[in-house]
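Per-chain residue numbering starts at 1, and chain names A, B, C and D are given in the order in which the chains are listed.
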Amino acid sequence: MSCAAESLRFRRSLQRERDRMSDADNPALGQAWFPSRWGAEDEIGAGNLLGPHTVLEAARLIRSGETVSLGFPYRVGMPLSPGRTFGLKMPGGPTGGPEGAVSRTVWNDDFVCTEIGQIGTHMDALGHLGHQVTYPCGHCDTLVYNGNKLSEIWSPYGLKKLGIEKAPIFFTRGVLLDVQALFGEPLANGVEITPEHLLQCIDRQGLDHNDWLRPGDVVLIRTGHGSRFFSEAANWYDGEPGLGLAAAEFLSALQPVVVGADNFAIDVVPPVDPDMVLPCHQHLIMRHGIYLHEGMNLDALAETGRSEFVYAFAPLRIEGATGSPGMPFAIL
Amino acid sequence: MSCAAESLRFRRSLQRERDRMSDADNPALGQAWFPSRWGAEDEIGAGNLLGPHTVLEAARLIRSGETVSLGFPYRVGMPLSPGRTFGLKMPGGPTGGPEGAVSRTVWNDDFVCTEIGQIGTHMDALGHLGHQVTYPCGHCDTLVYNGNKLSEIWSPYGLKKLGIEKAPIFFTRGVLLDVQALFGEPLANGVEITPEHLLQCIDRQGLDHNDWLRPGDVVLIRTGHGSRFFSEAANWYDGEPGLGLAAAEFLSALQPVVVGADNFAIDVVPPVDPDMVLPCHQHLIMRHGIYLHEGMNLDALAETGRSEFVYAFAPLRIEGATGSPGMPFAIL
Amino acid sequence: MSCAAESLRFRRSLQRERDRMSDADNPALGQAWFPSRWGAEDEIGAGNLLGPHTVLEAARLIRSGETVSLGFPYRVGMPLSPGRTFGLKMPGGPTGGPEGAVSRTVWNDDFVCTEIGQIGTHMDALGHLGHQVTYPCGHCDTLVYNGNKLSEIWSPYGLKKLGIEKAPIFFTRGVLLDVQALFGEPLANGVEITPEHLLQCIDRQGLDHNDWLRPGDVVLIRTGHGSRFFSEAANWYDGEPGLGLAAAEFLSALQPVVVGADNFAIDVVPPVDPDMVLPCHQHLIMRHGIYLHEGMNLDALAETGRSEFVYAFAPLRIEGATGSPGMPFAIL
Amino acid sequence: MSCAAESLRFRRSLQRERDRMSDADNPALGQAWFPSRWGAEDEIGAGNLLGPHTVLEAARLIRSGETVSLGFPYRVGMPLSPGRTFGLKMPGGPTGGPEGAVSRTVWNDDFVCTEIGQIGTHMDALGHLGHQVTYPCGHCDTLVYNGNKLSEIWSPYGLKKLGIEKAPIFFTRGVLLDVQALFGEPLANGVEITPEHLLQCIDRQGLDHNDWLRPGDVVLIRTGHGSRFFSEAANWYDGEPGLGLAAAEFLSALQPVVVGADNFAIDVVPPVDPDMVLPCHQHLIMRHGIYLHEGMNLDALAETGRSEFVYAFAPLRIEGATGSPGMPFAIL
């Protein structure tokens, strides 16, 4: 696809998306994107694509038996989006004991206070993000995946629907598209990744154009923003290279279960169109029930040279949470 | 082994353990258990037994492709050890947005405050637990894995050594010993599981006496205490069936990387010998560098009838934390 | 006033209140209670009644020089309304040091996680509570003091208006009405305190019917519920004796700056009319800008036999908080 | 006192303090500073100097009836000592309700996680700070007020002795010494305030040299560091002007109940003698049981021109906490 063709395609896509978004203001028309293809009651989204067959296919990719962490550790000083908090305190030194005249057993706890589901390497729950609609009377509500109204599923102590505890266990085929390697360096903030870039990665990495991503697979995008995670922690949330809406559409058509990246929001920030903030978030999570894995550390994986691997991740099942931290890993 | 013989063996084991513990008071003699077999600087313990070969062996166990969660969800109202806290608060409804005139993007956070590494289903870090020694002058310190002094590795904001971020990724062969099924019902609090019980499970489940557990494997013990996790949450920490020291010695001789159970401390509580509190903890974590996975939910796994499976778990790498929550899972 | 007359008066008052509340559904008519008498921009409410003159008048009441705490301490195990949390953890033992080769200075911190403004003895901010209105289109918002819309003043990180940091310093005349002494025992849950009861207290305590409470004074009601604070902590929020709406109207007519009580909500719980939940809260805070001081400990004050005293309290000025803990005190 | 004489006096004082500190290593000699003058069991320290007589004397100072806050508000972005955390989250919008078909009552909570007793304007508990002693065997403990061993009074969930809940209600005579006005500008970091400076303030402010501070009074020192509290929040803990040990000795001889300042630690930072870190803290809290009020906002008080006033403060009685936030205030 030429650059001009791609650009045209993108402008059209953007217009279509703006049209659809406007439609969503009208609940009658908003049904373009809900109920979901898995029914009006579904809370799992693309997780429905998983099953024993995807596990078995993934297991066949295991060759060397090496495991590679795809996440960053969590510590005070890590990047935090404005308003969020991370604290770890050790209640005691030690916390408990000694117990038992002979064993004199002693133990320690740690205590955290943090937006646990939305810091560092984390996966968003399907209830994390939505689109605010304005009713004719001027009042507003927010629609999330499957047309759920946030006002109906939200509570002060957790989401009543679409919390991260509903997410499945992920053990499925993963594919890395190394855009950083394509560019030869980490992409700068604001650089939009297009379908063309992704196609070039597919070529460059020797993947099969017609079969590089299958339903239920995971696709991970290395932008290079992860290389600045600890070294530029204070500015890490100021902007990022990331997917434009066209790239998200390109990916969603292939039905992955997870789209992950080494940036904080998958999307490019600042956005291409200032009226469309985090459009890939809306497109992928809200419309297609695809899970986003953000803040990944893809450097070690990239160094292995492997484009295909098992992606394994089991979310921390805090009921009603909007996301999950944890250490996703690849098996090679 | 007859009951009488077993009992004799156990009494002797207990005496030996008491002797050793007393030795540990004398730092010169305490070297019976440190440095570790992996050297004085090791922070990984039995994690050293893992490698590509254990991953490849485990992968060969995948047959049906089914995945089974081995953990409980986390929520207000779950069992909590005295002194610990669990709170989940949603800052906002929604937290952020709307952003973008067309996309009107809206998102939500959740905020937790809790002893994250020591609640519900969790794995202990090697620095979690130790043995208090008293020096001739009357002063005390606590020794943890590899003879580290707690006074030297502890800080108010996390462990400086042996934190959970040092633990490996676990993808290895798991074996379930279903003591609940052996008894025909959940064991009562205070019931000690002995080597004899474990041998009977091995028989009953058709495992090979000489090859049922190999170095780097994970062994999971179903006591039945997990069946009371939510239904008797307020009393769940009052006591539990669990391993006695003889059973822990029986297991550690086979060099597993993880010992897990559906109770809160692997050990039987109250202890067999009131002077020896959590002796399996000390034996397994402190002396052998074996990871404990506590508060597991083994019911669904037991229902599958499978005794061998892949055990997969990647700890939440909070630096300096004393343990990790998360959802371990089996692949069948 | 006879009991029958009082009862009639109360029924009428309740009807009037219901009428007014229904009016509030209609924003045009809701202006019955806003803007406030101190103008549409006011955020202080009855705090406007305070000034140097009330301080000087209060100071004249100081006779013995005795100070009496009017609050409970805060600790794990104190009563907590469902959903709220209280944790105190000491990060370290010690937290910091030793610093300085000679001084070897060492220090300790404590760390809390809690709904700080809404636990135990606390004062509500004017933005704490409101009345939900439903617009003709069916959508809702909440109106708080001075007709502010909650949707406009709320943020995930604190109230943008009417937070507790706006409250004044209180050093003013206080009057105790000891209903527990009138009844001869702590009142039972659900017992409504009426204007007649308050008048009987005024008589019994020898206060001047025509001058017992002046604008800017504080009135404290001892119901006896405070005597159950620690001893019945688990059930303390199940119900309480407290003011009925008629009593709140009786008090608000005299323009106090604070109404306090030794129960959790000033109001009687369960309410007299199930359709009117916490009507005194709405009447006092929302309509009259009067501060509520809840969960007070009035026993020591009652034992002194003093009905008049200085009430001193300076709220903890956490910006945007919905209330303040602290230790109000009396000077005799 | 000439500068040379003062300097000599100071060097001698420092030597004496060093001698004493070394003595404290020897528990037998350490009794130079404990038991306290109020007995070995005392937990109140200089609070013993308070009583009805000091309240009555203070009340006589009330002339205009004006009240002045002496504290800063608390918010995200305020100065925080390294390692500490401040977060405020609103669980919900709203948190509760609507309740009642007619009243439709709605309410809000806020939730904080923070080192509540050691942030912003706060008073230290007597158990906050101590001196580490090394026993002949090489082991260490920390001695705090009245010779209490930290190892005996500390717990992971709060101090068992000397917590802030033991502190009295303060309503007593306060005196402001405005060193900032003496210098004509805010003092720079590291500038030591000497007895000579304090004497010059006493002169300049027209206070009586022989009767300016009486037992049970509060003395507040305006250094100018408070003027940088919000404007230089990120650097506020890097250093400060403050008292040297000679000034602390000068003050303690007059037996105040509280020494307060508009800096973070009363002491000058960096210290005069690098081997003596926070020596005024040790001298005042540990040896004399005098309460420190740190991070005060003394600008509004200074503007009134009043040197004498009522100082009023009632600590937040969180059991076992190492300090208390809150809003101390002056009455003029």
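We adopt the following convention: a residue touches a chain if its C-beta (ideal position, glycine included) is under 8 Å from a C-beta of that chain, and two chains touch if they have at least 3 such contacts.
Quick caveat: nothing in here was measured; it's all calculated off a predicted structure.
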Subassemblies held together by touching, chain B left out: one piece
Interface residue overlap between copies chain B and chain C, same or different (over half shared): same
Rotation in the CA alignment of chain A with chain D, degrees, nearest 5: 180
Equivalent of C-D within the choices A-B, A-D or B-C, defined by over half of its residue contact pairs recurring: A-B
Centroid spacing, where centroids are CA-atom means, of chain B and chain C in whole angstrom: 48
Inter-centroid spacing, chain D versus chain B (mean Cα positions, whole Å): 45
Residues of chain B whose C-beta touches two or more other chains: 76, 83, 85, 87, 89-96, 109, 111, 113, 155-157
Contacting residues of chain A [partner chain D, same complex]: 76, 83, 85-87, 89, 91-92, 94-96, 109, 113, 155-157
Residue ranges of chain D in contact with chain B within the complex: 83, 87, 89-93, 111, 113, 135-139, 141, 156-157
Chain A-facing residues of chain B, complex: 18, 21-22, 51-56, 59, 62, 64-67, 69, 71-76, 83-85, 88-91, 93-118, 127-134, 140, 142, 150-151, 154-159, 165, 168-169, 171, 271, 273-279, 281-282, 312-323, 325-329, 331
